[in-house]
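Shown next, in structure tokens, is the structure this report addresses.
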Amino acid sequence: MLSIDIKIEYQGFMLQTCQTVLASGVTALFGRSGSGKSTLLRVISGLEARAKGRVAWGDEVWQDDSHFTPPHKRGIGFVFQDTRLFPHLTVARNLAYADKRARGLPGASLDDIVDALDLGPLMARNPATLSGGEQSRCAIGRALLTRPRMLLMDEPLAALDATRKAEILPYLERLRDQIGTPILYVSHNMAEVTRLANHLMLIDAGRITHSGPLSALLADPAAAPALGPQEAGAVITATLTAHEADGLSRLQTATAPLFLPHIDAPLGSRQRIRILAQDVILAREAPTGLSALNILPAVVSQISSDGDAAVMVQLRAGNDLILARVTRRSAAALGLCAGMACFAIVKSVSVAPAHIGPDHNATHQ
Amino acid sequence: MLSIDIKIEYQGFMLQTCQTVLASGVTALFGRSGSGKSTLLRVISGLEARAKGRVAWGDEVWQDDSHFTPPHKRGIGFVFQDTRLFPHLTVARNLAYADKRARGLPGASLDDIVDALDLGPLMARNPATLSGGEQSRCAIGRALLTRPRMLLMDEPLAALDATRKAEILPYLERLRDQIGTPILYVSHNMAEVTRLANHLMLIDAGRITHSGPLSALLADPAAAPALGPQEAGAVITATLTAHEADGLSRLQTATAPLFLPHIDAPLGSRQRIRILAQDVILAREAPTGLSALNILPAVVSQISSDGDAAVMVQLRAGNDLILARVTRRSAAALGLCAGMACFAIVKSVSVAPAHIGPDHNATHQ
Amino acid sequence: DTALAAVAANFASAATELATGFTAQTGHEVQITTGSTGKLYAQITAGAPFDLMLSADAATPARLQAEGHGTAAPYAIGVLTLWAPDMPKDSTPRALLDASIRHIAIANPDLAPYGAAAKSALTKMRLFDAITDKIVMGQNIGQTFALVQSGAAEAGFIARSALAGNVTGYAWDVSPDLYPTIRQDAILLAHGKDNAAAQGFLEYLASDAARDVIARYGYDLP
Amino acid sequence: MTLPDLGPLWLTLKLAAITTVFLLILGAPLAWWLARTRSRLKPLIEALTALPLVLPPTVLGFYLLVLFSPNSTFGGFWVQVTGETLTFSFTGLVIASMLYSLPFMVQPLQSAFEAVGRAPLEAAMMLRAGPLDRFFTVAVPMAKRGFLTALVLSFTHTLGEFGVVLMVGGNIPGKTKVISIAIYEHVETINYADAHVLAAILLVFSFATLLMVYTLNRRFPSGGNT
Amino acid sequence: MTLPDLGPLWLTLKLAAITTVFLLILGAPLAWWLARTRSRLKPLIEALTALPLVLPPTVLGFYLLVLFSPNSTFGGFWVQVTGETLTFSFTGLVIASMLYSLPFMVQPLQSAFEAVGRAPLEAAMMLRAGPLDRFFTVAVPMAKRGFLTALVLSFTHTLGEFGVVLMVGGNIPGKTKVISIAIYEHVETINYADAHVLAAILLVFSFATLLMVYTLNRRFPSGGNT
């Protein structure tokens, strides 16, 4: 949808994006501090007048050598890293500011958003008196109320606790799925990213190093170093087939059932589940007498080194790719090699709720 | 060291701390957004003139009915949630501002801190041109340069990527261990908290609900709901006994060895290792043919419900307490009950580097 | 000795020349400070270090005399001139009724004797009521001159002293019977009662040399 | 003691009010431009803006008189276009007062606009606010204190000044004779009693107004970066 | 054409410089206090601060003349203590000019200090900076643009004003005759040529100074919350 081909230079830093295309859905922008994430967002919105090159939204050229669409006409919603609530307006009037200027555009109503982000108790307050996390929530609400054609979010949930995040993420998912607003989402938190995003873009020192579908990139051992060893891990999709009596939900993957803590979703829905490479244990034989319920038969497809002591093992389980990170010693002890059949053991509860979400590729296409 | 007995009320929010005592070392302040963490820090520093009550640092009374020590005489370093770098000064002069006013006080030199936080390339820059994470690093450096008697840090690493965090945490650990500066550390990130803190304080709606040694609180099933299910997990200490040829390090716990990816520390040092409850698999018999190397014999000491589908199992392995979170179904299948002997299986690499750190209770006391 | 003379603005240029002549003759110095008569009076009352005053009127020196300063004596008589730079040289005062004269400048009658004189002359010529709407006022005779000279007012009653020779257009010295004499009095102030320069300068004002200068600046002599 | 003629007071208030309003309309965009431009002309225009202050009011008035006079190009042009002279007219007074009070409007506003910074304006852009919209809904309210300062300085300065007004206006009762001239006249004619009364009226009235303005400003603060 | 006497120019610069410096010393703390106080007196003092502007300068000068005169309590006291009169002295001019230009110093500074807000000052506190230290190292540099405005307005206003100065100072050559009075005098005494020359000198000099100040201000910006 959005194509960016732009260059901007500061003293000692250059952002350059060659033929970068942002697909619809949620694209996570992941990279180290100072790698140029915020700058890229600013370039897309048109806030960096110094940027040279071309930005186009579908057929609509926002910026090229001869033309420049000013930021307020691009229809972009922006959640700034530093919130930027208007200090002279109450929370209610900050929200109304956005709402009024987006009258008639399709999207959630003010009340919806106040509810979803639990902003009710804050409405009469001055932004200066809000806690860090409360400010973030207001800023998210305000950006959503512009009913943007595209949403740029710069670490929107960084100041929030896990519980708050868990409350807000479903709302963003609904936005993604029901309204279909494309989102470019900067985060240092891979759990958020995998839950929301279907595309992943890795940026390093001002250059896009990897860009592609989330599940492919996460299961790509080559991208693992860029993600950090703790974050590597595949995303698989499964169908919710049953809610069992003891509170577990049963999901059917391509090869075997997975049992996870109760998932509040209709039977038959497709779910995305992230399995961190470090949470997968490999066994040659199907083990018994273990508390782990989830044992997936798989075939080793690739083994690559991942640091001194560990290897990254890519497994194929039906159509799904799974990554497992095991010590060299274990790999040797098990005699792992490409093509070998084995069992991937996943602790059910090690799949964090934040890693589960409806598969929007299935529901929204 | 610091005792706080204070009350402050806003419209709709009240912070009240009764006989709260902060010990030396690092105390993590953990609580939901809006629970009063920043307010507590402000009260301690004396920035909230409206707070009524008593704050004392050892014998030195900072605030009571008749007396008020102004903030700049308390010798507190404060890393604000919103960094608050001086916009009219370069990074170098922001740092010098603190440095100059703390001349002659014991503590790290300007050069040390610039090195430790990698601020060198930013020195000539204006704060307004820094990225979010770069600002955080400068703010941390500036607070450290005041050579405080006590350090208050309000989500100092929230804007940083995992790699940066991993670079900065060791520096804070050295501060904790070598200089012994007490730190009150607000964070939503339990990995940081467990790595740094030896005390944990949980705050909810303006009240301190739990406060105690970190390892005790983390292994306390009663505190688990307050921490969030993903965060519960015990911290155990172990001695680094060997660096093995395949890159693993061997640590001796009270009962069995643990093999972790290489730990860069001297042999014989004590290490703190966090094992998330959700990363522990239980087995009745010692399993074989698994990629998991770490199998600890343990005895079930307590089983408590943790949501609909799961139970929290507390295990005793020698002197260490371990928590395991398993599904009800697994618990039933294994026939778990208090007093039962079993094996706790921990994937070696599931212990994240951020969860390992020198045990300062051992080295610093 | 050096004396400080408070001089009404309309006489400032003449006074400066007189001071130079006086110094050449006697070796005494006279410094000139100017201002409106009313302002000078307020300052004298507040203890200003003025040794003598050359007023633009007779009333103020009389008042000062009554308040215990020296004796007032006239040094010059102001001549009121009607000036209309764009009118032909041979016009008459009735030209003020002409539509091409949109504004007529006079000094503020409440503040400046020239203003009172202008008002009196207009009244006696039975023109005043007809041209009331055209009247604009300067606070003193200097401002009044500026109003005419700039072209903002097409005509005005000014001091002949202000014209200083370079006349364009219609200039008519208003006949003295149309307005009360503009007697300008000088007075030795209490501050200057022992100041030889001050006393000397007052005496010098009556000398022939001084009277020549005063006449040259467009004043009649007392 | 009888109350002196209060006509000049109303005229003065009208002049001060109109001058301030027009100055606001003219000065706010200029200050806004100055606060944000990267033009090399900026220091030049800033310096020019402060310049009217340097000349004594009467002298500035004198030069304006020359400029406004129908004999001058500008003054003549004005007469041609409007049929009226700028000199001795209320319009002329307003223009002269505006010029003289320009620095008091522009400078505080410029400094307040600069203090607002770019961040909130960028935020407004991303909320679909166009340039004018941003100016009125973000820049102006955030620079509120600067507006207060600018308005108070401009208004009171126009109330009190008369040097310029006197020269250009010709002190015509009911038309260009403002209260400051009236008080001045009383002082000059040694009519101190009337001067005291008028000055007292002006002071009390102004003080009451200012007190009200500042009290309201305090009671209804518009947020602000505490 | 000979150059008119430039003595008044130096005297003026001296007066403007001294007035501005003293006003700064007095006005900055007052503005700082006003910007931060929660006192109920605040609007009162704000209103009082603006009041000198309301009176015509000559009239204000008249009242100051009365106040400063050795016959008055204050003036007499001053003579007793210092042995000199305040009227017709340079000291008196400075005090009078300070009073008259007070609003131009205090108001822009107050508004700039208010724009600084509490956050950076709290940060400074936590870096061991005491109240004075914070004021000089944080509040003042962050309010830099306000200082520029205040200094320019105060200085130029003192340069140009003469009503107050004329009244209190008595226009004594070399002692209290400042350039604005000199130009005024030349205009009043119909000595236009000299008036033009002096006005041109004053304008060119002021313009050059202002241009330099604003150019420097632009070249060395002190950060600022962009």
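A, B, C, D and E are the chain letters, set down in written order, and residue numbers restart from 1 in every chain.
Keep in mind that, in the parts below, a contact is a pair of C-beta atoms (placed from the backbone, for glycine too) under 8 Å apart; a residue touches a chain by one contact, two chains touch by 3 or more.
Remember, it's a predicted structure, so these values are computed and weren't measured experimentally.
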Ordered by label, the neighbours common to subunit A and subunit B are none
Determine, using the mean of C-alpha atoms as each chain's centre, which chain is farthest from subunit B.
C
By Cα centroid distance, the chain farthest from subunit A is C
Rounded to the nearest Å, the gap separating the Cα centres of subunit A and subunit E is 60
When the C-alpha atoms of subunit D and subunit E are each averaged to a single point, how far apart are the two points in Å?
19
Distance between subunit B and subunit E based on Cα centroids, please, to the nearest Å.
56
Rounded to the nearest Å, the gap between Cα centres of subunit C and subunit D is 35
The positions of subunit D in contact with two or more other chains are 58, 62, 119, 181, 184, 187, 224-226
Subunit A, residues touching no fewer than two other chains
82
Would you mind listing the residues of subunit C that make contact with two or more other chains?
39, 42, 143, 146
Mind listing each pair of touching chains for me?
A-B, A-D, B-E, C-D, C-E, D-E
Mind listing the subunit E positions that touch subunit B in their complex?
119-120, 122-130, 133-134, 137-138, 141-142, 144, 222-226
Please name which positions on subunit E make contact with subunit C in the complex.
58, 62, 65-66, 68-71, 85, 87-88, 166-167, 170-173, 177, 185, 187-191
Across the complex, what residues on subunit D touch subunit E?
42-44, 46-48, 50-51, 53-60, 62-63, 103-104, 107-108, 110-112, 114-115, 117-119, 145-146, 148-149, 152-153, 156-157, 159-163, 180-181, 183-184, 187, 195, 199, 202-203, 206-207, 210-211, 213-215, 217-218, 224-226
Subunit D touches which residues of subunit A in the complex?
45, 47, 70-73, 75-78, 80, 82, 84-90, 97-98, 101-102, 126-128, 142-143, 146
In their complex, what parts of subunit B are in touch with subunit A?
10, 12, 31-34, 37-39, 81-82, 121, 129, 131-134, 136-137, 154-155, 158-164, 188, 228-231, 244, 246-248, 259, 261-262, 278-279, 281-285, 287, 289-293, 307-310, 324-334, 345, 347-350, 352-354
